[in-house]
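This report refers to the structure that appears directly beneath it.
Each chain gets a letter, A, B, C and D, in the order it is written, and its residues are counted from 1.
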Amino acid sequence: MEQITIGLFGFGKTGSVVAQEIIEDTNLKLCWVMRNTTMNEGEYASRILGFNHDEGKIFSVKNTDFETFYKLNKVDVIIDFSNPFSVNEYKNAGDLGIRIVSAISNYDEHNFKLLQAMSKKTPVLYSPNITLGINFLIEASKLFKKISPSADIVIIEEHFMKKKSVSGTALRIAHDLDLDSKEHIKSIRVGGIVGTHEVIFGLPNQTIRIKHESLNRAAFGQGAIYAAKWLMDKDKNMYSMEEAVSSLMASSYQ
Amino acid sequence: MEQITIGLFGFGKTGSVVAQEIIEDTNLKLCWVMRNTTMNEGEYASRILGFNHDEGKIFSVKNTDFETFYKLNKVDVIIDFSNPFSVNEYKNAGDLGIRIVSAISNYDEHNFKLLQAMSKKTPVLYSPNITLGINFLIEASKLFKKISPSADIVIIEEHFMKKKSVSGTALRIAHDLDLDSKEHIKSIRVGGIVGTHEVIFGLPNQTIRIKHESLNRAAFGQGAIYAAKWLMDKDKNMYSMEEAVSSLMASSYQ
Amino acid sequence: MEQITIGLFGFGKTGSVVAQEIIEDTNLKLCWVMRNTTMNEGEYASRILGFNHDEGKIFSVKNTDFETFYKLNKVDVIIDFSNPFSVNEYKNAGDLGIRIVSAISNYDEHNFKLLQAMSKKTPVLYSPNITLGINFLIEASKLFKKISPSADIVIIEEHFMKKKSVSGTALRIAHDLDLDSKEHIKSIRVGGIVGTHEVIFGLPNQTIRIKHESLNRAAFGQGAIYAAKWLMDKDKNMYSMEEAVSSLMASSYQ
Amino acid sequence: MEQITIGLFGFGKTGSVVAQEIIEDTNLKLCWVMRNTTMNEGEYASRILGFNHDEGKIFSVKNTDFETFYKLNKVDVIIDFSNPFSVNEYKNAGDLGIRIVSAISNYDEHNFKLLQAMSKKTPVLYSPNITLGINFLIEASKLFKKISPSADIVIIEEHFMKKKSVSGTALRIAHDLDLDSKEHIKSIRVGGIVGTHEVIFGLPNQTIRIKHESLNRAAFGQGAIYAAKWLMDKDKNMYSMEEAVSSLMASSYQ
């Protein structure tokens, strides 16, 4: 199989972990990394991460001419872990057939519309929680609810003490299962727990639990890689990670 | 919806719990219960179980003329929680279009062939572990393995101290996930735990757990009811509980 | 060791399970069972429970002369799983040196005062939740809080859907750990879960969980037996199950 | 309270996390850090870790005169997270009343004897697994076993896939509970789980679980700090972390 070529926006805490995952995956090639600052410009992400070869040359938004950049540095997929504004820098990349995986969680309306406009020209997958496990948990929970509509359902989410608000992922689980989030989500806040989500289904004589534990942020990289591979044979459109997961689940039955 | 009419073989520890579940389900009607002994013959299962109406008249194998019984006491579905020999008593019921749900776990070859022969004439669902939850756990686990083939998998089963052998259900999970049972099943034996099965999927940065806890044997009744309802619009054939669950899961995607 | 002789008040759902536990414990002898009704009067509890010997003759409150009963039927310990009024029937038993284990949960003031008055004459242990496990969970949690006072604490209790109010046991855990129950208890209500209590201690880099799962009400019998044995060498006074458990824990350190 | 002064051996992956914990604890002062290499010599550990003040000046074993070092840089406690040989560098520190906390896991006989010799002159606490949680888990488990000697016990340990051997901590738990490790430890190896140890106590009608989850290696720092504080008022002797934890637990009962 030919390698899928990747351009990565973002090289902060999460971005650099994602870069590492891409470099380690032999099916993918990290062609370049685009940063907001000029830090490490011209160096290779691979070297910074401790690899012994050159992969993922680092560019800076500040010194890049985006009129020509994508022609000279064409990739199969752009993965974006940077910020809501970066879509402005790659909004024309779709004309070249470049696919987009965006894991940005806080788009304003203007920038989100730019992303949506791209999906008229190229496949775009947008998911603020891009881990494989959470999206499986949601899909499997929807299936169990369908099989056993009378089951009682509670969502437990555990996070570190300082996380004040209810987990956005828990809210999405509740939404997708048609549950009132106030009543059905129980939030546990103690110590330094990275992040756990559990859906409990109670029947009179049996209990089913589906539980996802995040160990660290590299889970995002694996999700993005899964999304990038999945986008390769898709038509232009807007997709979610949930669709990527459920379409593969559905294919099991065909 | 018209009630589905049920005949039940078996009124022992499990059978009587199953009878209770059937009586409590307003979509079903328990027409009769067939016992091996003559105990409680002529009484109503409903009365013995504390209900205030007559439902589920008790017959004894010893005093029943099976040439005429099924014509006079036709039902939509026979549910069998008795013993491997009972299939001899209802082997001709398929000619009348009566469907079969068998939860017998230890057929010898001869009796199992009788059951298989019936499936040429009428829909037969056979499942030694007929709970909804376990069959969902298996199907969901197969799906996750498909999405994430590189995940490490371990099956933990917890049961009461005196259960000496590895859980048959755990062996089936291992089989269905293509895992070596010796290596991948961990058996916990302590105290009076009714029965718990958990499949753990480990990825480098996240863990997914699907866990089923049995609270008591009434879970079998609910599974059998689910199977009986599912059989109603099926063609003659041999089915498993796994198929019943997965077909409903598949229908979510169509 | 000589057998400890027991008289049991109550032979309902819980009482009969407690009787079974006592009969099965070779260190104990069930001398009699006192019932409110005249049902099974004169029979043996052991026979009703399926044993092949006579143990635990059944008496009825209605036909018993309590002036003479305890002299003729002296026991080491009375265990009470009946109702708040029974203390009236045994209030003078302390004069004969009979110890009391009361697992009654809803005493009114008058009857509770009778129980307290008995503790001036004989050892009395009173505990509305008399399981060994819950009392250990409380004591161990208090210890961890002492070792690690900065740990965040959450109590999760899981029970069947129909249990509307917060678990009394969870409230007691919160009280004993000096926690605001509204803020620190999370109640899960689904399906048919018998009863689970978990205390989670969160530190920045590790999490400790102590979890108690009730499998069925026989746990009460074991707790009562533990309490009865523990009372044997105690002086007259009012004791709690927590004290019985913690005193044994303390003895580990002396 | 006056600050406890600390000297730290080791500034590798674990050592630097431990340094961070010490700096953040207002009851402690990190006076110096001793490294094997000359890397960062003369800099301050605090600066390297992102603090805005000077704390923990870095020295190198290579350029240090240990004849005079401890007199010029006296501390209350040396904490050692470096390697089995470092004890040679501080073997005379006990003459100055400096206490030792050693978290080294693989001493050879010679170096371990040096450590033991020190305990004739000064308080030494030695613990290869120095987390508070694990030592509490062990002590609490011993207590439950004492209360309920008939309970069945299983130890489950979960770690990342690549950890081949049985967890040393699990082996210690088994040893301390007098259990055959082959029979009672179940090792789960999947994905990237940091480290979880669970002791399950099974009784016929209830189950107790005590579970410790490591989130990251900073847990070692907190344990070492706890040990250092605990050593402050102790007499010269060899102590274990288990003793430090259990003595505080015991003090609850006095």
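Just so we're on the same page, contacts are C-beta pairs under 8 Å (C-beta built on N, C-alpha and C of every residue); 3 or more make two chains touch, one makes a residue touch a chain.
This is a predicted model, so every value here is computed, not measured.
Novice: Per the definition at the top, count C-beta pairs in contact and tell me whether C-D or A-D has more.
Specialist: Of C-D and A-D, more C-beta pairs in contact link C-D.
Novice: Centroid from C-alpha atoms only, then distance chain A to chain C, rounded to Å. What do you get?
Specialist: 52
Novice: Hey, how far is the Cα centre of chain A from the one of chain D, in Å?
Specialist: 38
Novice: Counting only residues that touch at least two other chains, what does the list for chain A look like?
Specialist: 191-193, 201, 203-207, 215-216
Novice: Mapping chain-to-chain touches, which pattern fits: line, ring, star, complete or other?
Specialist: Its topology is that of a complete graph.
Novice: For the complex, which residues does chain A have touching chain C?
Specialist: Residue positions touching the partner: 151-154, 156, 158, 160-161, 186-193, 200-207.
Novice: Which part of chain A faces chain B closely enough to touch in the complex?
Specialist: 131-133, 136-137, 139-140, 142-144, 146-148, 201, 203-219, 221-222, 245-246, 248-250, 252-253
Novice: Touching residues of chain B toward chain C in the complex: what are they?
Specialist: That would be residues 191-194, 215-216 of chain B.
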